[in-house]
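Next up: the structures, one after another.
Two complexes are shown next, each including chain A; its partner changes from chain B in the first to chain C in the second.
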Partner chain A sequence: MPETDELSQKIRKCLNEGLGLACMYARGVPGGHVLEAVMAGDRIERITVRVEGMMYQSVTPDIPSASLYEREIYETHGIYPAGHPDMRPLRSRSSWGPLSGGRAIPHNDIFGNGIFEIPVGPIHAGVIGPGHFRFSVAGEPILMMRTYLGYSRRGVEKLMETQASADNTAIAERISGDNAVAHTLAYLQTVEQDTEIPERARFIRTVLSELERICSHLGTISGIALDTALAVPAAHGSALRESILRLNERICGHRLLWGMLRIGGLSKDLTETALDEIEREVMRVRFDAEELVGIMIRSPSFMDRAETTGRLSYEDAVHLRAVGPVARASGVDADVRKTRPYAAYGLAAMDVPKCPSGDVYARLTVRKREIMESVSMILQCINSMEDGPVRTSVKTEDGFYTGITESPRGETVHCAHIENGKITKYKIRDASFPNWPALERAVMGNIVPDFPLINKSFDLSYSGNDL
Partner chain B sequence: MLRTAVKNFLSLKRPPESIPIIYGRRMLMPFPNGSCNLCGLCANECRTGAILVSKSEWTVDLGRCMFCRRCSESCRNGSLELISAPDYTLRREDLIFRSGESTERGRGVIGEDKRRVIGRSVNIREVDTGSCNACEVEVNSLSNVFYDVERFGIKTVASPRHADVLLVTGPLTDNMLEAFGRVLKATPDPKVIIAMGTCAISGGPFSGGETSGGIGGSADADVFIPGCPPAPDAVIRALLDAFGLH
Partner chain C sequence: MIEFVLSAAQSVLMIALAPLFAGILKKAKARMQHRNGSSIFQPYRDVAKLLRKNETVSESSSLLFRFIPYVCFGSMVLLSLMTPFFFVDVAAPYGDLISMVYIFTLYRLMMVLGGLEGGSVFGGMGSSREMMMSVLIEPSLLLSLMALAGLTGGSTAVSDIPRELIGMGVIVLAPALVLAASSFFITLLAENSRVPFDNPSTHLELTMVHEGMLVEYSGRGLGLMDLSSMMRLMIFSSMLCTLFFPWGMALTASPFAIFVGLAAIFAKVLFVTLAIALIESYLAKYRLFRLPNLLTASFALSLMAMISLYIL
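Up next is the complex of A and B:
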């Protein structure tokens, strides 16, 4: 077996320099495979290591955040990471994948008197994506929870492998429908590359991206209220969300902002009236959201459910490389908008809200404060916007390009290998992908009835994870 | 006023004042006016092959359309207009529109045997067969205070075993095939199957991926609701009309 300790050493070196493992995947090259790792932090490093044969030394024992990626590589390419501690199936549920061959979902590896296993899903009780969970419980407390996803596997990455000049924004929007702007902006970064996008288009892209964030966070806050049996705040939250969805429809013709982003800019400009309307509406939503969260946290029954529930420690968040509001609620300072600004984020002042406690309450607080920040950013963008073109022509060069954006759920990574004007390999990593293991960790020791609440506070995407 | 109150109290019908509000907005679909010269630019632009242009005829299949409007943007002589789309149809072939033919579709009601069993209590189980979660956003919106479908007797229930109606979204991925088969078995007959959204009807953009291209091959849908995703208003109108809840 060839030693690929080279990979481990290179990743370790980047980790020591403060970068994190953003994505890892295998790519077929003539005569074998290469492993690609994308390290992101204040800069982006690409690590490429050639694998001889179909086996290499796993890096997971050394770098826990690589676990999911190595399982994924095994399922898609059949390259086995020797020494990997946890080779459960990742996405293959039926006949999908070269090696899955109908691998059954294993029992949790925890046994003993009075320990029961509760299988849940893939059809859940709520209106939500499909996924299978295995809870091992002793009485009410959860000793262990394992997620088995992949039911939403549609093969999006393959569909993105087209001519580089082809407009794939319609597919990128449908990777995870409620994070459409973030995914599309990440895709656009890989094909627009160094093209200078007109300033007005960059401002409007930022506004759209923040509208999406407000909408997503309002949905989560409303869901948290619903799961803690606060019916009035839940109705209030979903009404606020609906008002943003309707605003979206009025300004760009689609409730989830689809169809606005195009290669080189936007499909259409926003009128002054539309911008005024955004300004008015987000100001109203800002104060209403603040009031809404105020009602929630003044209720003792709510705080009893939210505080210390579903705790994700700072160490776990760093080791598993959790991203987005989940990581920030555990005290990790990570926000792509701040570290590597895209669109017009470099031109607007923003604060990255953080909370140290890592429980449901912390995630609620972070989301609330992010709504405030988003509103402030939208107002800054609208005020500094000047008239001008919103679209330019783009020339796509060959090479390796990454697009990294901050979706409402966290860091979203797209990688494109372009050869002879054609995308030969496209890799997507949604923010939910590294956060699912963080959820497995956070529910440990909590009672089963609190799982829906913890799950909602994480707000993970099934379709983005499964692709 | 007292009389109205008593009448409303005794009435089995939902509050009539809510109807004009819900019947306001429509989904928009592309359709050529008289000046179309069948150049085929729109068909080239269409990612899902919803538009077919032959020498004599222009057709659009709303079951494949992603409602992205790239076709009408690409039209050089402005002959592709956006017109009101039907909220639902009872037959798959009714979603195909040909130039020169009527774009009106009747608001039919599902088969009487099923409608009688369901009556005014429509218990829906939403089944996600791999959608991008946009349809879930809209189904969740149905229960917010703006739409509040429960006032029409429409409820979302927690299990297929409690359901009369399966509201299916997503392109039916290969990984969901087995689970969806079990859902069909678990739902008591007579059940109504609704294909909601482009993915469930035809697979939409994912028909070339690891999917079965919608539920067409595995289950007989009774109602087709086009849209990507269909707006909540359209879904409510479709449910009210198709189940004869007026």
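Up next is the complex of A and C:
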């Protein structure tokens, strides 16, 4: 199998140049398959390797961040990565499965006296997404945790394979409902390609995307407070999030900002009064959020829970290529808005908050500071906006296009192959997908009752991961 | 005769008011979070609804599982007969402080067995955590009650203590009483699964202690278990308010004394309830392995009470 050493070498070369593996998938071509790898950093590099037969040499032993993608390729296309160290089922199930060839969930690969396995989920006591977790514990400390997801799989990628001119924003918004703007912007990048979008539309897109981030981060901060039973800040945080949701509804008619983005621009312009209202509301939220986090970190009992809990080391974050606030809380400097600006991010000054410690407290701090940055960016955009059109016509060309945006949860990748005006292959990689294995690393050595808190501080999406 | 009627009436009143104070606690917490919260009578409706429903019982459980709610409820009824409320005499003056502590232990043991019976993971985790805490709660609970008994002349009989304390006058407000009462308050929080020991309103099955053990109960069984845990909180609060701070209790059966006794106990239990609500609003739940520290502090407080009583 010589052809795939080629894959490993090509990926390795890009890694050495400072790029990271953003996405990898298989694509059927006449007479076989090709493996596509998208490397992203300060530029985007596409690697294409043809596979002969149904097996190739796995790249995971060399490049750990490829593990998930190779498991996914096996489940969707049946191409086996020989030498892969961890071929547990990713999304398919033997009893129930949207993908054929489902396999049973194995026991954790760990043995010894007094080691117990705790299966949790997919149905949970609270109203959260469906996910199955297996904890191997010795008493309370967790020795190993494995996640099994895929229960909310809907086949979104297949639904996106339409005429390239068709407006699929309504589907893109539903990939991960609370990251709708980021996903839709990524989709729009793949179909708008090099079209020049009117400047006003780009500014408004940035404002919407930052509103979404504020909303998502407030929800996470409030959730962290709730999981430590800090009831008053939790209620305060939910109220703040609700005020942004209501603002969203007033300005565009939907609490999660659905329906605003369209191919070529926006479905409607924002009036001056709406912009004033946004400005007022985010200023208020800025101070309230600062106060909220202040209340939390001034509580010694909270800090005792948050500090050193669920630590993700810098090395692990880099090896698994964690993205978004999770990676930045472990000291990784990665933000698509800064490295490859889209919409109007190139026109606004921004700071990328980082924190070196990688624990729950670091993720809380990064989120708080991102809210501050978002508010500043919204104000900059509103101030530099000028009147003008918000929509233009788009001509979609054939070829391979990527759309990469920074959702509240991190780097979101969309890849589209367009042939004869039709999308023949569409690949989505939500920010949560590479962060789930990072969660598996971060919980090791912590105690079981701290898992919900760590999980909340990661704030991962089930529907975005399951697609 | 009238004394017996009064003491029986106070037990009934205690059982009847337990859900009300649970409702007040919830309401107070909601108000502190700027929420409206549900009505203070909601726990009555919840229990009434659950008692009307059928039970679903795990196939892997034995007959014991079905009996446990009745044993738990029965032990709480027994304790309410042994605890003074507004009147100094109790309906069942046969037990003393030590037997009360071990009836609480019986209740806990039954709940732990019930948690294990269902064969679910969360029941097992809740039970193991409960046993860990119980080992630490018991000595400090016993020691604080012993300090109280020592202060009042060595009797552990429940109905003697309030009389003695009131008879001793202001001098009784010695460090020993305050220390023992503080220690007892910490064990009250631990024993009743309140923040920072446990989060009674959590939805996270992995962090549960008390709720984890109840996860397999439904219908009538759950209703009885919920009612029992409300009664347990009520009994603990009344113990704090009548044994440690008995002032205002009715010593005779005169109408005026009874009126004052009722008013005093309402005010005191309400104060304890609001104090719990305040703690639950401003404290995060402690890390599980941090709880022994807090219980050790409670033990140290009651030990200091003992020392100040006998050595100083």
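The working rule: the second predicted complex is superposed on the first by the 455 of 467 C-alpha atoms of A that agree within 3 Å, B and C clash if a C-alpha of one lies under 4 Å from a C-alpha of the other, contacts with A are read in each partner's own complex, and residues count from 1 in each chain.
The rule is simple: contacts are C-beta pairs under 8 Å (C-beta built on N, C-alpha and C of every residue); 3 or more make two chains touch, one makes a residue touch a chain.
Bear in mind that the values here come from a model prediction, so they are computed numbers and not experimental data.
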{"item": "Chain B versus chain C as contact partner of A:Glu242, first or second or both or neither", "value": "first"}
{"item": "Partner chain in contact with A:Ala231 - chain B first, chain C second, else both or neither", "value": "second"}
{"item": "Chain B versus chain C as contact partner of A:Val29, first or second or both or neither", "value": "neither"}
{"item": "Which of chain B and chain C A:Met54 touches, first, second, both or neither", "value": "neither"}
{"item": "Contacts of A:Ile175 with chain B and chain C, given as first, second, both or neither", "value": "first"}
{"item": "First, second, both or neither for A:Met283, with chain B first and chain C second", "value": "neither"}
{"item": "Greater chain A contact set [chain C / chain B]", "value": "B"}
{"item": "Touched partner set for A:Ser301, first chain B, second chain C, both or neither", "value": "second"}
{"item": "Chain B versus chain C as contact partner of A:Pro122, first or second or both or neither", "value": "first"}
{"item": "Chain A residues contacted in one complex by chain B, in the other by chain C", "value": "125-127, 235, 239"}
{"item": "Chain A - residues contacting chain B, complex", "value": "91-96, 122-123, 125-130, 150-156, 158-159, 167, 170-171, 174-178, 180, 219, 235, 238-239, 241-242, 245, 249, 253, 255-256, 258-259, 267, 461-463, 466"}
{"item": "Residue ranges of chain C touching chain A (in the complex, touch as defined)", "value": "29, 32-35, 121, 125, 195-196, 199, 201-207, 280-290"}
{"item": "Partner chain A, residues of chain B touching it in the complex", "value": "47, 66, 68-70, 73, 125-141, 143-146, 156, 158-160, 170-171, 173-179, 183, 204-206, 208-211, 228-229, 231"}
{"item": "Contact footprint of chain C on chain A as seen in their complex", "value": "118-120, 124-127, 140, 227-232, 234-236, 239, 299, 301-302, 304-305, 309, 447-452"}
